[in-house]
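Chains: A, B, C and D, in written order; residue numbering restarts at 1 for each.
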Amino acid sequence: MNKSIDSISDAVAKIEDGSTVMIGGFGGSGAPIELIHALIDAGPKNLTVINNNAGNGHVGLAAMIEQEMVSKLICSFPRSADPRAFTDRYLAGKIELELVPQGTLAERIRAGGAGIPAFYTPTGFGTELAEGKPQKEFDGKPYIEERCLKADYALIKAEQGDGFGNLTYRMAARNFNPLMAMAAETTIVQVNQLVPVGQIDPERIVTPGIFVDCVVEIQNPQQEEDLNRADVRYPEVTT
Amino acid sequence: MNKSIDSISDAVAKIEDGSTVMIGGFGGSGAPIELIHALIDAGPKNLTVINNNAGNGHVGLAAMIEQEMVSKLICSFPRSADPRAFTDRYLAGKIELELVPQGTLAERIRAGGAGIPAFYTPTGFGTELAEGKPQKEFDGKPYIEERCLKADYALIKAEQGDGFGNLTYRMAARNFNPLMAMAAETTIVQVNQLVPVGQIDPERIVTPGIFVDCVVEIQNPQQEEDLNRADVRYPEVTT
Amino acid sequence: MKQRLDEIKLSNAQIAWRAAQDLRDGAYVNLGIGFPEMIATFQPEGREVIYHTENGILGFGPSPREGEEDWDLINAGKKAVTLNSGASFFHHADSFAMVRGGHLDLAVLGAYQVAQNGDLANWSTGKGGVPAVGGAMDLVHGAKKVVVVTDHVTKNGDPKLVSECTLPLTGVGCINRIYTSLAVVDIEAQGFVLREKLDAISVDELQALTGAQLHLDGDINLLDAPKL
Amino acid sequence: MKQRLDEIKLSNAQIAWRAAQDLRDGAYVNLGIGFPEMIATFQPEGREVIYHTENGILGFGPSPREGEEDWDLINAGKKAVTLNSGASFFHHADSFAMVRGGHLDLAVLGAYQVAQNGDLANWSTGKGGVPAVGGAMDLVHGAKKVVVVTDHVTKNGDPKLVSECTLPLTGVGCINRIYTSLAVVDIEAQGFVLREKLDAISVDELQALTGAQLHLDGDINLLDAPKL
């Protein structure tokens, strides 16, 4: 079994127009920038993207949105230091937004991966975001029913990975990545370091390989925050 | 902050008659034998116990049942190599049994720890174990609603622990332990090794200390399987 | 008939061998406690299979030698196992997320009865005593394929492949294929479909030992297993 | 009145200082993005507090020096942080299990409006634009105590403590205490209960700046904070 491949463009080549794509990361931490840029090169359109945010500046998810690849975004916090890519298109009615509380977003994704079609949560009860959702009382307290989220693809970023698809993460870059790995039909991972099978301590593996389909090594990956400070734009504008 | 204490009898001293107690372990792996025996010494009665099994032989949970401390058991598999302690009392109508599919048991406990009052699962649909439970269809498939499980106390076993209550586990002894740690009002842990705060790699911590109230070091803990092979009985019968 | 059946029928080891021939390279597989566990022994050469056990290991290997058991390294049947390279540990909620979430390629279970609509009864004889379910009701949901290994008939000669289960159900419409001591039967929209049978038994004889109609759909292949 | 208010009222730093005096030793605390984060700066000597950030760290410490940021080690406000000894990492579902599951001792949030029944509005001005909620709706549920730090009135001088929120709600009946620039107010069964006020303002003046009745229940303590 060897889930690792060399070519990042091959890794994302099958993602078609109209797919639902989960993209890991919280802001720039854990965001698979190189996979996103490879997807921009491939250029599928009309995607539904699930991410905590809506991109920042002109790289990563923001660049995908600038390339008009995203028709719907499911996220909790579509604001950032430079949210223009999303804001402009949202206010122009060009991109649909499903706003989900952050913890509910995480739990819906986990539920999608765990075969739980729906669950109840107190989060959002009595607010605009609960409108139209079934409600139920348990032990005298009101809750709303939330459905699971699944995707055709997940693009995630990990620290170490092996050919079985076993993964570890780096600090707070863990965030949504292990959850999205569970909830997508096909999970594509960029790892900072590809190691031989058996080298990662079985106790330390956060995502077991069963949740992973494809691993590509990207040494010294770019960090969204650094790219934005350097005012990088993807794809580079050639004049 | 120092959650570690020296005395195992102090660790369990507050558990009162009528409490609900989660006990970690799958069979003998991960079973906190020394904590259970300390609880037998303390002797509270009329307990509701949540465990995957119903004990084996005459030590651990089986011994608790023999001491007539358990009035209700919530478990998935009350059979073992030597299940007499439970079987005799169950067939005599002295102990109540709530039988729960193993995956549903795990998910109900996680839900209890995660503030999710109820969730839907396909497990058990159309079976005796779904009787009386609300049903609902999602995307054309039928599911049953399951409620969360919480407890007053959890007795769990871990490999390493520190004074903050951060924990790691040993191989398949992990099983229900991290889930029960989340779902109890008070979580009491026996660790094979107590280490200084900061010594466990933050990436390797499985149970963050926020879920733990009390840590007691038990070096070289007993293993249920070994005790049963040696025909041990707790408390020892004095003639 | 009973005596003849006992002579021609496959042993449990042979049924397990036959089921093992269908293990796909690279598959994630959960083998139920007891009889199904035997399938791993017959895993065909050159195929890599990763075994899941619901108590929290992916990638475990065969039993250790006697005296070398580590009782923190056990499978769902509480038997000591070993670890293969690339294995991982996880808690029960994550383990059943793998099961329920559709991540396993195959789950293999034993059966008291399987109905023509795919219903399975394998956890309770309905006779009282102490009921115990374990992970059976979870395992029938989620795996991409759920199959059964079983004798074709009970010890009394009654069909185990039935029109409707009379014993308490484990799951509804969940079984895809049955490997028996006499045949391989798929469950499809029309019910039981006979795929393979022993040479020594006729379709009519097999039908007589089966509690619902055996549909024929194309070739019936030869069920054959080496002496084991 | 506005000018006088501006002279006597506590600064945000002073409100944060006052809230920090109530941090319990050994508490697990989540400080909302922005103003509430300032509370950590004023953590009283001798008390150990463990800070949770919903993006997946328990036990983070202050910002690193400029140039020493690691952008994989950030808080919910996406600011670089450091790690204290005994810290741990976890994914978002586990992180919000801590929040929703009642494991945090305290959550501190900012507010647009707080109603006398404990309703909070702090995520949307209701004016259109791009809505964003983040973890606010989760944080108001589960923590053993949920408190607000805020100016007592809006920039226009309108009450932020109101009889009923007119802005979109973050959560229903979820706030226990409000630390304002003029007072400390608890929310109990009868509504707002005045616990502390600045010496320079009378109860009547405070009532005039509050959108619902301020109940009195025993002593009103002096609200005082050092110059900061």
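Convention: a residue touches a chain if its C-beta (ideal position, glycine included) is under 8 Å from a C-beta of that chain, and two chains touch if they have at least 3 such contacts.
The model shown is predicted, which means the values in this text are computed figures rather than measured ones.
Counted as hops between touching chains, the shortest connection from chain A to chain D is 1.
Contacts with chain C and chain D are shared by A, B.
Here the spacing of chain A and chain C, counted between their Cα centres, is 37 Å.
Look at where the CA atoms of chain B average out and do the same for chain C: the two points lie 30 Å apart. The residues of chain C that reach two or more other chains are 89-90, 93, 96, 99-100, 141-142, listed in rising order.
Multi-chain contact residues of chain A (touching two or more other chains): 107, 110, 114-116, 121-122, 169-171, 202-203.
Taken as a graph of touching chains, this assembly fits none of the simple shapes: it is neither a line, a ring, a star nor a complete graph.
Chain pairs that touch one another: A-B, A-C, A-D, B-C, B-D. The part of chain A that touches chain D in the complex is made up of residues 26-30, 52, 54, 76-80, 83, 86-87, 90-91, 97, 99-107, 109-110, 121-129, 169-179, 206, 223-226. Note for the complex: chain B touches chain D at residues 1, 110, 112-116, 162-164, 166, 182, 197-198, 202-203, 205, 208-211. Across the complex, chain C meets chain B through its residues 53-57, 69-74, 78, 89-93, 95-96, 99-100, 119, 124, 129-138, 141-142, 168-172.
Touching chain B in their complex are the following residues of chain A: 107, 111, 114-122, 136, 138-139, 141, 143, 147, 168-171, 202-204.
Residues 25-26, 28, 48, 50, 52, 58-59, 83, 85-90, 93-94, 96-104, 141-142 of chain D touch chain B in their complex.
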